[in-house]
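The structures considered in this document are given below.
You will see chain A twice below: alongside chain B first, and alongside chain C after that.
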Partner chain A sequence: MSEVELWIALILGIMMLSSAVLALVVKNHLAAVAAASVVSLGLALLFALMRAPDVAMTEAAVGAGLSSLILALALRRLGLWQIDSGSENSNLLSASSKGKDDA
Partner chain B sequence: MIPGVTLELILYATALGLVIIGLAGVVLSSHLFRMVLALVIAEAGANLMLVLSGYRWDAVAPILLQRAEQPAMVDPVPQAMVLTAIVIGVGIQALAVSILIRIRQRYGNLKRRDVAEKMDAEIAASAGIRRDISQDAPLGERPLSPLPAHSAESRGGDA
Partner chain C sequence: MRNLTGLLFAGGLGFMLLAIASGIDFGTPPMRIGEAIQSASPQEVGAANIVTSVVLGYRGIDTLGELAILFAAASAAGLVLGRRHTTTGTQRKGGFVLFHGGALIFPFLLTIGFYIIFHGHLTPGGGFQGGVILAAAFFLPLLARPGARLHHSILSVIEAFAGASFILIGLAALAEGQAFLQPMLNQDTLGSLISAGTLPLLYIAVGLKVGAELASLLSNLAQTESEQ
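And now, the complex of A and B:
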């Protein structure tokens, strides 16, 4: 029982940390919002693991759902909404270093 | 599994890592929208650490049972606090996003350096002074000239 929880927490923790880094380095803003939403969803699972089911429900509904919705709709308003990250270069990560340099 | 690695250790490492990544993103990012995203991540880490402060590995969820002996519960007070903090976090996010929309309407883009430069120019123009370019040496004279030596001595003699 405890061993299973340990592995679940380890996998979720690694997923959340890597997704948090990804949210800050990826060039496409929509992908960054999705990565932040993954962090929030993993947090909800961790709350359920830590026997806080009410907090887990709220985090999944408000943190992962509503907040991603707000950020994604704000991207439309800010003019940063783009599904593709360019015609010739569709790799999200390779475009990010170039974007950081001229920013 | 490696001995010595407990569930609490993993969870504390995750929470601390999220806070550190979020704060580094707030400080280092060059785009204002990324700054808001980093703030969201740091807030998630802070929430995780708060819930973790009331966590016991051998306890059940804080629900009262109609039983003679109540098993040990995790602390419900940090959970209630975090429940509030999640909702407040979404409010802060909406406020930040609305400020971003206003900034974009006024300055055209959201690059941090660009916005700061335009804001500096605007403040200098509305104050009617020349814009201070250098960060090291301030423009113009010192606001107060130093006291002459003899007046300082005479004042010291009076006292």
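And now, the complex of A and C:
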């Protein structure tokens, strides 16, 4: 691995770690799904950097694309789909009342 | 208490991984099988993408097992999700960007999905990756128009046909007196589109099966919205 690739890998690692932590702590469910797919995207770039393009394509298609799509659909099914984070203590209330319009 | 258990578990796992990693000397992997395959596969199988020659040639039966696992997972998801709802009046339509962007990107997704499947033996990618892209292509219009439907009967026919043809190609090798799923037919020149014998046919079957399966799974998930 050359010097440049090492730095790119380091930056990717930091980005992946921070978005993984973000997926855990963020209140908005949709944002958490997006952050989880950013982790997969970083992983796909790392695979491509390590000369495993087949694995990188699988990770990008399945990890970043399909699995976040399935998670987003599950959110919609559960009525937790909301773009604006809103006030935090009315989260449950708004989720149950908004569920009908969104579903 | 639960936090403490989780911390202990994570620490133990980290320690275990460190202990294993310390025993491996990085940079000098024992690549005997890998090197043997790399030197032998262009002559033996004739696929420019060596990963494909491993996935479909040397380890074809593992791919069959993978397809079976995917099939079981998709059927289990369909079973859990239960009946489809026919009422779509409450579903909100997609916005302008989603509606027209989906229509615009659909042919490109279709093209790149089939390209990846057809060139699976030449370039990175193959049946699984192309199939996932095909499934996404067919799911995108559904996202924009919640009222639209995928024809589940057509999807299941495609899936069954593709899965059966994968096994039939394997059985044809058996009938010729070779091993199950052994690559057959003319190898042709390395790197041309029609080469590597039966491998492209196998990858087309894999791609169609994965695409149909995932598309029906996604549309199942989208159509069985909340049960009111």
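By definition in this document, the second predicted complex is superposed on the first by the 85 of 103 C-alpha atoms of A that agree within 3 Å, B and C clash if a C-alpha of one lies under 4 Å from a C-alpha of the other, contacts with A are read in each partner's own complex, and residues count from 1 in each chain.
Keep this in mind: contacts are C-beta pairs under 8 Å (C-beta built on N, C-alpha and C of every residue); 3 or more make two chains touch, one makes a residue touch a chain.
Small disclaimer: the values here were computed from a predicted structure and weren't measured.
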Greater chain A contact set [chain C / chain B]: B
Chain B versus chain C as contact partner of A:Arg76, first or second or both or neither: second
Which superposed partner A:Arg51 touches (first chain B, second chain C, both, neither): first
Contacts of A:Ala36 with chain B and chain C, given as first, second, both or neither: first
Residues on chain A lying within both footprints (that of chain B and that of chain C): 53-54, 58, 62, 66, 70, 74, 77-79, 100, 103
Of chain A, residues touching chain B in the complex: 2-3, 5-7, 9-10, 12-13, 16-17, 20-21, 23-24, 29, 32-33, 36, 39-40, 43, 46-47, 50-55, 58-59, 62-63, 66-67, 70-71, 74-75, 77-80, 100, 103
For the chain A and chain C complex, residues of the former touching the latter: 53-54, 56-58, 61-62, 65-66, 69-70, 73-74, 76-79, 99-103
Complex contact set, residues of chain C against chain A: 49, 51, 90-92, 116, 124-126, 128-129, 132-133, 135-136, 139, 214, 218, 221-222, 224-226, 228
Touch list for chain B against partner chain A, complex: 1, 5-7, 10-11, 13-14, 17-18, 21-22, 24-25, 29-31, 33-34, 36-38, 40-41, 44, 47-48, 51-52, 55, 57, 59-62, 74, 79, 82-83, 86-87, 89-90, 93-94, 97, 100-101, 104, 110-111
